[in-house]
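Chain IDs A, B, C and D follow the sequence of writing; residue 1 opens each chain.
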Amino acid sequence: MIRALIYGVTGYTGVELIRILSSHPQVEIAGGSSRQWAGQRAAAVFPFLRGERDFPLHSSEELQAAIKGDVAFLALPHGESAALAQRLLDSGIKVVDLSADMRLRDAEVYAQWYGAHKAPDLLDRAVYGLPEVHREKVRTAELVANPGCYPTSVILGAAPLMKMRGIDTNTILVDAKSGISGAGRGAKLNTSFCESGESFKPYSVLGHRHTPEMEQELSFIAGRPVRVRFTPHLLPMSRGMVSTMYLRLEEAISAAELRAAYENRYRDEPFVRVLPDGTLPDTAHVRGSNMCHVSVHVDERTGWVVAISALDNLVKGASGEAVQNMNLMMGLTETAGLEGLPFFP
Amino acid sequence: MIRALIYGVTGYTGVELIRILSSHPQVEIAGGSSRQWAGQRAAAVFPFLRGERDFPLHSSEELQAAIKGDVAFLALPHGESAALAQRLLDSGIKVVDLSADMRLRDAEVYAQWYGAHKAPDLLDRAVYGLPEVHREKVRTAELVANPGCYPTSVILGAAPLMKMRGIDTNTILVDAKSGISGAGRGAKLNTSFCESGESFKPYSVLGHRHTPEMEQELSFIAGRPVRVRFTPHLLPMSRGMVSTMYLRLEEAISAAELRAAYENRYRDEPFVRVLPDGTLPDTAHVRGSNMCHVSVHVDERTGWVVAISALDNLVKGASGEAVQNMNLMMGLTETAGLEGLPFFP
Amino acid sequence: MIRALIYGVTGYTGVELIRILSSHPQVEIAGGSSRQWAGQRAAAVFPFLRGERDFPLHSSEELQAAIKGDVAFLALPHGESAALAQRLLDSGIKVVDLSADMRLRDAEVYAQWYGAHKAPDLLDRAVYGLPEVHREKVRTAELVANPGCYPTSVILGAAPLMKMRGIDTNTILVDAKSGISGAGRGAKLNTSFCESGESFKPYSVLGHRHTPEMEQELSFIAGRPVRVRFTPHLLPMSRGMVSTMYLRLEEAISAAELRAAYENRYRDEPFVRVLPDGTLPDTAHVRGSNMCHVSVHVDERTGWVVAISALDNLVKGASGEAVQNMNLMMGLTETAGLEGLPFFP
Amino acid sequence: MIRALIYGVTGYTGVELIRILSSHPQVEIAGGSSRQWAGQRAAAVFPFLRGERDFPLHSSEELQAAIKGDVAFLALPHGESAALAQRLLDSGIKVVDLSADMRLRDAEVYAQWYGAHKAPDLLDRAVYGLPEVHREKVRTAELVANPGCYPTSVILGAAPLMKMRGIDTNTILVDAKSGISGAGRGAKLNTSFCESGESFKPYSVLGHRHTPEMEQELSFIAGRPVRVRFTPHLLPMSRGMVSTMYLRLEEAISAAELRAAYENRYRDEPFVRVLPDGTLPDTAHVRGSNMCHVSVHVDERTGWVVAISALDNLVKGASGEAVQNMNLMMGLTETAGLEGLPFFP
């Protein structure tokens, strides 16, 4: 069995890693860290772990000292991963970093959005872990930067358009909507039930930190600079993300041609489904699964292409994708542990 | 007291009219119709009406024959209002029609989206009841077409931009999100709790019927043709609507200039609030009130203006706006019965 | 106009007082305090107050020094009301205390559940503000202890049974369920959307602090000691409370007799409705209103009476009841400002 | 691979069977029936089945004629299972019936609650499929009556008390709360989002059909007649069920003694967890898993025992339990396919 460590195991991406890995046929959880609950057992935080699946929660330092694993998942706040990743790599442990620390290739761009980078030397070693774009590099990587939830949703939804004739890819308008688990597990007034239930609202209208990540990857795919105009909103639900994307038509394209581009691009992808005509993405149809559903539409009347993607922000947008990356890094079947159907209703 | 009739009183816009009118100082509910529950009393459908506020439910025909009122609200499905409106007008009753039947000036456009119009002669007599645009005409109207929820949200959110220099108003991209009450009160699988709770999804991506209504009114304001690229989505909540709108910049505009345009336009409007810098529209802040909150933003980096509006689809998007129109038609204070604060949390 | 002060105006009972009082024909809000937001304006916390309804937020001390009102609502945490109430009374201001500080007549009982009382001398001056039980005393009171939400729900639901023959009132079993707003407005993990949405759970199974309050009042009504076995649960919704109560039958009672007892007791009560046969209490039918819906059932097969009540914990369970008490204390019509229909859906 | 048939595959228990069986290592879905969607493919109803997991939907008659399986799950309305079960058994297919048709041993009792039984001869062959009570009989059964969701929750929560000294088991008071999926997948007004979200309400206060089932099994365990006073309520959430049960103390019992009884009873049960002191059942901790969490409390002050259980009504309350029964009937490991952790948050 491959021995996995989870740093930051008591947050939502951490507990989702526990859920996924506990059904993984070739991986076992070797240990976990939690700043807030170090010294207690996992079942004290998550009562459903009581029994055979319980394990002690360490501080990050204790976990590094005490337990040697094969691969570490870093489900930590931005800024905390860099130094830790360096130490883990030095001791021969492969790393999947779920924070933003390793996602941007350019330390200066990182500094503009997050502050000075703490381990810029690592950026060259990190592979951006979107398997649908960088699969072969992920296979040989020792350090994978797991993409953000919004970038996964946007890149998968728009990638097939990036090299099509007749579409203006200079600027993509992205109107995105996320479930509340995307805001993390800390107690905050604006994510309390009474303030966020029966509420829908935009946030960070100018300058969300996921913007440069989307631009970096879409530009890579397009082979030239792509800008993203990005507006995130908060949904009154726990999990689920929809990105609705708008690109201007420069010349006529048929719906059939568009669909064919998507189907070609994703034919062999295990975790992307192009929906048939008449079916639209719905977060309820991907919840709890590692699947991303996409549809694409052409509005000839106004001259715009509309692409829509739906995924579960904690699975394909975070922990499921992280396991998918780990599978590739460790030479396992890419879909191992990730084949569960969504949780409906 | 002004005597109001409510046709279709057992749907969501009907019961919201009951709620609003029951607090109106100058109006009383003289009678109501319900196709499904005719012959029963209102409290059998809505137990909270038991007591002094109960009243019998008639069929539409019975109500016309039995009760003479001063004004009638038609909260009926599209296609059922036209003939009824004619009869009510003939007997001297003013009409606020909440269906789509009277909203489009051009019967041919109506036919494209809804089928042949049943009373095209009435279209010339109908005033589009968005007081913020057509207030003076509403004051003297006998027949008011109450706007759709999406059009109210979009027109109020974008109107101040329609005549500004430097903004491309040829096409507006509208990404809109509505609470489930907008789908009406019928029992449908896709609006059941289990299918629509913890779910978010687009619908009618190409060709929602509210599109021509938005285009008609925005073109009127702009003084030239405006096209709307409209994508509605369904939110897992009962009430509330946000429209996020995107317009391309043709030359630089400052945030201050944009805000000033909104503040000038809405300075004297009782039911539109331009939010201060740092505050964004949130459906939770307008729920149950007749208020529309708007904000406007300029993204210089990508060259787009983003305008956002939030309202309660059953109040400012339907029944509250209908009462606002009635107040104007009957010579009452425009805000009468509509001054309640939102219901928070 | 009567000038009202609201201490603790930025919590949920505080903002609900704003909502109710803003529609009250004879009361104006003269000032408000907030520990957390003192120095800011109310609209910074609640954007819907922007405009004429905005007002400055003071510290408690500043508010006492600066603004003289006729009546003060204390929407403060337990333990903070006592000393403040004394000072306000001394300066001739009537007080409605929404905390638990004045509810128990016996300082020793208070001490067992809350710790030592800070102003035990006040207990004799305080009237327990459940108008359906103590209306005449409330009329002449200078200090009213506004009941807890659970006690209001339980006392109204069970009162008519307390003196009926054939019912064992020694012990009442109360299985109660509350919306999340009852837990207050602080940011806590267990009331975050992700932890409390799609979740239902009991809490404080042995020893909830509202128990002695229920026992005090039910014993008063019964004229002999009544014990309450009380189990509260947390519902995944913002507002609403249902108490399901079980009392053992000692001899046969007909459903008609039971219903008659309820109807007699509540015939003239403006805010309690006994539901007709076939209709059951539903929080959706009282949400936002000051109404309490009750039903009563006899299960001959097993020998138990089941009484059920539903109310909105922030209205009849807190701020609406507080306004009802104020109306009585100030000689106003008891229902003034409280006649709004519920907010449905 | 064992070949399983699912009759009624497009309801909520049907699709949950698909989800569970698709991860089961020794079972494959051989075919499914749907009255409403016969002739279409499963992915037309559930888009997430698109791809390898899609299959055609047959009418019940077609499925019987066309496909031979090893075991059939009947997820059909009450009254439809009996005749079908007979035919399947005749052709050598083992049957797990999720309807109520086979649960009551006494056809007369069945008739009182459901109407005349259509295949009373089968009742003797059916085993009540609660493995924690009848495990050995299930192993050899050809026809298993899968318990109702409420009975599973109540029997597991109360069983250890049935033979303890000092507890009055003549009558158990059960106050139960269920998520909306328990009401099935049909479109109904009272389970629409707008009517059931932000709503909590009792239903069937006198005479819910699950009552005789609970009484039958609790009486069996106790060895003498037990009556159940049962009050179900509807929760504003999709999945999850809590039963709060009250039994009168006849003599003093310590909390330790009570807990020991539960721990002894459930020590070897894979799907029942007795929670440690200080932890209470929460539907969020069992959602999506086959686990039932229970806690037990003694209130010495009032003389009552309170037992509480939580489970997912679609898993341990229906489809998960059905698979657990199938595992036993087919000689598989009891926990096969059922070991997934809950879906949190």
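The rule is simple: a contact is a pair of C-beta atoms (placed from the backbone, for glycine too) under 8 Å apart; a residue touches a chain by one contact, two chains touch by 3 or more.
Keep in mind it's a predicted model, so treat the numbers as computed, not measured.
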Please give the intersection of the contact partners of chain A with those of chain B. C, D
Going by the touch criterion at the top, tell me which pair is linked by more C-beta contacts: B-C or C-D. C-D
Note: chain C sits from chain A at a C-alpha centroid distance in Å of 46
Distance between chain centroids, defined by C-alpha means - chain B, chain C (Å): 36
For chain C and chain D, what's the span in angstrom between their mean Cα positions? 38
What positions in chain A touch 2 or more of the other chains? 12, 181, 194, 197-198, 236-239, 282, 345
Seen from chain A, its contact residues with chain C in the complex are 12, 180-181, 185-189, 191-194, 196-198, 236-238
Chain D residues within the chain A interface of the complex: 12, 15, 18-19, 22-23, 46-51, 53, 181, 198, 238-239, 273, 275-276, 279, 282, 285-286, 288-289, 291, 293, 339-345
Mind pulling up the chain D residues that touch chain C in the complex? 171, 173, 175, 177, 179, 194-195, 197-203, 205-206, 227-229, 231, 233, 235-240, 242, 244, 246, 280-284, 287, 295, 297, 299, 301-304, 306, 308, 310, 345
